[in-house]
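A, B, C and D label the chains in the order they appear, each numbered from 1.
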Amino acid sequence: MTFDALAGVLLIPAVAAALLAALPDYRVTARLNVAAAALTFLCALSLFVRRPQSGAYLIVDDLNATFIVLTTFVGLSTSVFSLSYIGHELQIGRLTPPFVRFYHAMYQVLMFAMNLALIANNIGLMWVAIELATLTTVLMVGIYRTHEALEAAWKYFILGSVGIALALFGTILVYMAARPVVGEGLDAMVWTVLVRRAGAFDPALLDLAFVFLLLGYGTKVGLAPLHAWLPDAHAEGPTPISAVLSGLLLNVALYALLRFKMLLAANAGALAPGPLMVTLGLISLVFAAFMLYRRRDIKRLFAYSSIEHMGIITFAFGMGGPLANFAGLLHMTMHSLTKSAIFFAVGHVAQVKGTQRIADMGGLTETHPVLGWGLILGVVAIAGLPPLGIFMSEFLVVSSTFARAPLLAIVLVFGLLVGLAGLFLRLNSIAFGEPRGAVGKAQASYVPMFAHLSLVVAAGVYMPPALVAWFQNVAGLLG
Amino acid sequence: MTLTIGLFAAAALVALAGLAVAIGRAPAATRVVYAASLGIAAVSLAAAATHLLGAASPLSLTLPLGVPWLGAHFRLDALSAFFLVVIDLGALGASLFALGYGKHEKSPQRVLPFYPAFLAGMMLVVLADDAFTFLLSWESMSLMSWALVMSHHRVPENVRAGYVYLIMASFGTLALLLAFGLLAGPGGLYTFAAMRAAHPTALLGAVALILALVGAGSKAGIVPLHVWLPLAHPAAPSHVSALMSGVMTKVAVYAFVRIAFELAGAPDWWWSMLVLAAGGVTAVLGVLYALMQHDLKRLLAYHTVENIGIIFIGLGLALAFQTYGMQFAAALALTAALFHVLNHSLFKSLLFFGAGAVLTATGERDMEHLGGVIHGMPQTAFVFLVGCAAISALPPLNGFASEWLTFQAILLSPELPSWGLRLLVPAVGALLALSAALAAACFVKAYGVTFLGRPRTPAASRATETDRCSRAAMFALAALCLIAGILPGLFIDALVPVDMALLGARMPAQIGQQWVAIVPIAASRSSYDGLLVFLFMVISGTLAAFAIHRLASDRLRRAPAWDCGYPDPIPATQYTAMSFAQPIRRVFGTFVFRARETTTLPPPGDMRAARLSVQMQDVIWDFIYAPLAAGIDIAADRLNHLQFLTIRQFLSLVFGALVILLLVLALWS
Amino acid sequence: MVVIRDFAIQAAQMLLVLALAPLFTGFVRKVKARLLRRQGPPLIQPYLDLIRLTRKEVVLADTASWLFRVVPYLVFAATWVAAALVPTFRTDLLFSWSADLIAIIALLGSGRFFLALAGMDVGTSFGGIGSSREVMIASLAEPAMMMIVFTLALIVGATQLSTIAAFMASPAVGLRVSLALALIALVMVAIAENGRIPIDNPATHLELTMVHEAMVLEYSGRHLALIELAASLKLILYVSLIACLFAPWGIESAAAALPMLALGAVTYVGKLAVGGFLLALFETSIAKMRVFRVPEFLGVALMLGLLATLLRFVSGSF
Amino acid sequence: MSRIDFDVAHMLAGLLVLISFMQLYQDRLYALLNVYALHALTLAASVAWQAMVQDAPHLYVTAAIALVFKAIIIPVALHRIIVRLGIHREIEKVVGVGSAMLAGMGLVALSMVVMLRVTYAADPLAREDLAFALSVVLLGLLMMVTRRNAVGQVVGFMSLENGLVLAATGARGMPLVVEISVAFSILIAFIVIGIFLFRIRERFDTVDVAALDQFRGERQ
């Protein structure tokens, strides 16, 4: 009996979800949660070793293997983080045991949904999976049952549903475009088939489809002006979910976009998806950069920074070409690691200070050196300063763009600078100056945070050739 | 070999930083870290010096780091060797000084980890040989110095200083990034070797040069990109201020030289005018701003701006001569600039150390609260005086030697064919002379108000001599200032390989001139002999002293100051820094600072004190940066409303986006 | 043999200026007095003053530091070295190449630098006034002087004083606009640098007006003597500088025989006499200006110098 | 496919667009609900027709869902909510009828233009259907952004989704159609229940979503 990693990646979370829904005691469930995440991660790792045959529904290729491994890894570390985080929430009674049980079950469902979205070879299936992920996160965002949480969840829900609808329409259009060529039935939705035959599709239909997909999945990516749900969802949900949202869900949505971009790229007659993505990317970047200045809530602050970086990544993929694509992939990976690490730090900070208002926290490097410097390191990384990974990707994006389209590069640089200034404006008041707010001891697990950060640091200086070859190969695929 | 040593030194410093994180709080940590950096700097200095003096051919090395398919390229040629020497000299001095000075640090764990990393960053910048490694080290250098600036973060203005600094630093880095992106081309040929080979088009090279001037200039402190410098440099601990002012700005100069003379291709005629104008304005404005300061360290920081201006004048001249193939004159100008780079790093470190010593002895940076420190700390006062004389370009010290060379270069410029340059160069020469004279004035003020006169506060009167290590560092630097002043020939000859590498021309060998004079062109034309002038002064001075003490009475009586018959017990009646600068402020202030003096005299018979108040505004800040900040603020405010829309309004955003995209689609064909 | 001869001549020159300096000061005073219909002090009065001062004890302020006692020697040394490098009756002195015109100016600058510091040292308000006004004046006078140097250097193609003097003596130099401008500027600078009327009044102790005197207010005895001597050295230096630049007749080159040298010496003394007389005449015929009009005066000098330089840069024929 | 099939499908689709317009100018909630029920009914008919034409029996399920769930259950539920909240009388439009209609016209025109650029290769039925579906979707969106309160928006969303189903069924042999329609029904159920919850928990005094937006982390 050969062990099928794909089945593992999907089944383990599903089963775990069912189990967790059943088990009452939070200590058990939390650890089980970690265990399940770890198993999933191992299965994902095995994809590097032995890659199962892709069928009509599931597929593993270079593109999504990277994503799966990344997703499962961040999922694992986040589950470790949520172990201590949820414990604290229980102590202070912000969450009650039934909710915690629900939370853990939903966590695994989310993992399942994202993995499914990543390895789906059928664009319909991919759509279903992403919507499932969205709905689960909606439920988790509202888990605190406060006014703000419910409002955030509701906003997320409504905007998300519209996104769902648009994406579906796009998917239907793609089917319509494919049917005359591929023929009726399932094949016309199988991605591998589509991309092989895309050359013969009706370009006008493809264009239309891409517009809808861009807006539909773009809502999930959080591109301005479709971003509205993102900051509140990050700010009001439990921090592990914010980490997963920023670190993973946005990526998954973007991954879907990439798939369709490749579809368009394969069709000569279709309009180049590049300009659209570049425009949306730049808008999101500059807009989010300016939004950083007026933030009073620490989690909302970093949510906007996620929008900014999604803008950069979309821009990079929009520019295309081996350099920019490589940079985009690298940036995506680095951003997931860094941003989730930042949210780990922020979660503990918020717990220590008992608030998310930036005005009520200060001098963190004095009161909680480890947390404070960890947060600083994270912000330095996210601001694209060396010697961390994001610096390399930004270096590649900016330099390669300036040689091709100077004006775009100028806008890009402007956005980056404004964003950096905004981030550090807030960081200064959080990490430095006279200590403000509660100074209690933090019972935190720093392992996930520093695991991520050390990976980011390492990547900034040295990248293993295997990974590089992988990325370059994928960058080639993306065209 | 030497390159490897340099790289190992950098690596060792990084490791040391890691160690410092671990042991930062331990009492012995300070000594360990600074002693270790001292040793490492010494080794690397030896390596760099041997490479430079041995005029060895360039070494290069590639490590599998950085951008994967590119690797990290390192190269040690004459230019980088020279700057490595400058860096290591600075590092040596700073570490030695810090061995004593560091003991007074309140929270060493905020300084120790970043100090070695900062050094490593600077060393790697000059060793890097591809754009990525260069920028990586460059920005790490900025980042580490930022952390050091933030080490006393409880003082609000330090936090502000760090903020401004970080933004300006990233701005500069992005400018350089664009420059390199341009030079590398769409293919992404990021190695300097490829860029050297590329021969960019005129337009491309010009844009790259402007970007380089902006990028390197913002780090070096070219007006108007200097605003961060007088904020950040004083905020750091004094030995770090010395490094930032004396060395880091030189790394920026290195970046500019590397790009302008090597990578940007053949210079165009107006490049040099740009650089010259920037240099001249920077020199004069820097010193004028310095004159208006009464914070000792900030004053020194502004003088860094001035000296950077002088250096860029030299570089501009070199560019101008090179444009018209006057390689020899170019070599002279470049030598002058680089020699001034070395000199400035020497005396600026010395001066910052002195300021640090005073700061630890009195707890004061504000000159208005100092005075009479010379009585408490005579030795520090002596070396500080040497530093002042050197930076004021007084013979026979080193500052004069390099400025003299710059003047000689200026005097070669009438042979330039370009009219624009012919009109610009004399003006720049006048600016240079003006800045030199003003610098002297400024240091009379700085030294007189800080060290001389009567103590203005109890703190100042309680000042006692600083510790041994600090003094050792200061005396060593003072000695170097003197040596470089009386034997400039040695240093000029050491710079020959750099000239050869960059310009393919060289200055005549100076060693072997009679009485070790320096003769840039021909003995009949101009020559200067620091040693002889020094000996002359010593001899005639001692002669006079001898004669006087032989022939005249050497009776001496201590008495209260006469002061024209109005002796005044209150130290407050002495001239202060502000009042000392008042005449010069009258002359220049009105149009440079919009300075306005308002005097309020009470009517006769009214016993209230009259008061004089002076309003000055930093024109550059008010007209460039303030509007920028305001603009960003307004934009942020406007956009911030988007955070507070109703769901329906957000939906209409989505709807609008959809309709627009559909319209685009409809109008596409 | 030759070296010794050169040494001797160099030494002779140095001693000559040293010996002549007080006499020249006395001469100027005498002429001024005469022009004012006064008897005036005897010519040798400055020597007598110096001797008297050296005899007196030094009264040192309590607040004075070691710097205060070192400065007189520094100032004297700097000024004397500078003076020794200016050819008086003979070009290419032995050490003339050890410092060119720029270096000489810088030497005088360092003398001023230390004197200004000494003014700050005791910590009296008068010392402060003097120093701050002195540096203000210097900060304009030095650039002006530098511009003059540029002009000459561009005409002659050298900053080497002997070379310049030799060139000026040669027929190669005609009447030039730039030279005229430079001469005027140089005279103005010389007046400012030596603190003569209308910039400063060497004979007053009225606090509103004094600059140089305010700086040295606290000095007494031998220190004061040295400073006075340095002051008169500086004066004679400037006069002989003007002489050797703009009236280089009679300055002999190295080859000249002794009688010629003697002749040169005589002409030199003659030039000094003329210069001193003109100075006195000027000083008596003009009033002291307010301190805050000094910048305008020096600004004019600076502008003239810059103008001359620009003319040179634009065309060699000016 | 025979001519008649085409015409009927065409007619039903057009009818759907027409009803969307009717929805646009309803300003009483009850009326709106009734029109929506009609909308769903038409959809059911059209889906059923497609099922017959393409003889794809599974489409009948979709038709049934449309008929039962959307045309009956949901309207009734919403009706009760309105009664509960006592908001049946309020006019809750953002823009006037006229401008709304004009905008609707524009949207329909736009969707036609966009669709007619599609080459004839895609079979005409699908092409026309898509054009109609697109306009229904756009009109639904328009409705969502012009209605003030949640019920109106939900109705808008549902008609949008009807457009989707129309498109999906129009696309010959498209798999997963049923699943999708089911998924959407659940989604809508969620929304309705959401409104219910908020009302019952006394969290918000009205379901006007503007009120939901009053609690905002950043408006201290």
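To be clear about the criterion, a residue touches a chain if its C-beta (ideal position, glycine included) is under 8 Å from a C-beta of that chain, and two chains touch if they have at least 3 such contacts.
Just so you know, these numbers come straight off a predicted model, no measurement behind them.
Q: Common contacts of chain B and chain D?
A: Common neighbours, chain B/chain D: A.
Q: What chain pair has the highest count of contacting C-beta pairs?
A: Top of the contact-pair ranking: B-C.
Q: Hey, which chain ends up farthest from chain A, C-alpha centres compared?
A: Taking each chain's C-alpha mean as its centre, the farthest from chain A is C.
Q: Just give me the whole-number Å value for how far the CA centre of chain A lies from that of chain D.
A: It comes to 31 Å between the two C-alpha centres.
Q: How many Å are there between the centre of chain A and the centre of chain B, using C-alpha atoms for each centre?
A: 44
Q: Taking each chain's centre as the mean position of its Cα atoms, how many Å separate chain C from chain D?
A: 99
Q: Averaging over Cα atoms per chain, report the distance between chain B and chain C in Å.
A: Comparing mean C-alpha positions, chain C is 35 Å from chain B.
Q: For chain A, which residues are shared contacts with two or more other chains?
A: Correct list: 154-155, 158, 162, 208, 294.
Q: So which bits of chain B are touching at least two other chains?
A: Within chain B, residues 643, 645, 647, 651, 654, 658, 662, 665 contact more than one other chain.
Q: Do you know which chain C residues sit against two or more other chains?
A: Not one residue of chain C touches more than one other chain, so the list is empty.
Q: Can you name every pair of chains that touch?
A: In this structure, the chains touch in these pairs: A-B, A-D, B-C, B-D.
Q: Note which residues of chain B are touching chain C in the complex, please.
A: Touching chain C: residues 371-372, 374-375, 378, 381, 385, 389, 392-395, 400, 404, 407-408, 410-411, 413-414, 422-423, 425-427, 429-430, 433-434, 436-438, 440-441, 443-445, 447-449, 452-454, 515, 517, 523-529, 532-533, 536-538, 540-541, 544-545, 548, 551-564, 567-568, 571, 573-575, 579-584, 586-587 of chain B.
Q: Along chain D, where are the residues that touch chain A in the complex?
A: So the residues of chain D touching chain A come out as 114-115, 117-119, 121-123, 126, 130, 133-134, 137, 141, 144, 153, 157, 160-161, 163-164, 167-168, 171-176, 179-180, 183-184, 187, 190-191, 194, 198, 203, 209, 212-213, 215-218, 220.
Q: Hey, which residues of chain A end up touching chain B in the complex?
A: 154-155, 158-159, 162-163, 166, 207-208, 211-212, 214-215, 219, 225-226, 228-229, 231, 271, 276, 287, 290-291, 293-294, 321, 323, 363, 365, 380, 383, 385-387, 391-392, 395-396, 398-404, 409, 413, 416-418, 420-422, 424-425, 428, 432-434, 460-463, 465, 468, 472
Q: Using the touch definition up top, name the residues of chain C that touch chain B in the complex.
A: Contacts found on chain C: 54-67, 73-74, 76-78, 80-81, 84, 95, 97-100, 102-103, 106-107, 109-110, 112-113, 116-117, 119-129, 131-133, 135-136, 138-143, 146-147, 150, 153-154, 157-160, 163, 205, 207, 217-218, 221-222, 225-226, 291-292, 295, 302, 306, 309-310, 312-314, 316.
Q: Can you list the chain A residues touching chain D in their complex?
A: Listed in rising order, the residues of chain A that touch chain D are 124-125, 128, 131, 135, 147-148, 150-151, 154-155, 157-158, 161-162, 164-165, 168-169, 172-173, 175-177, 179-180, 184-186, 188-189, 202, 204-205, 208, 232, 235-236, 294-297, 300, 356-357.
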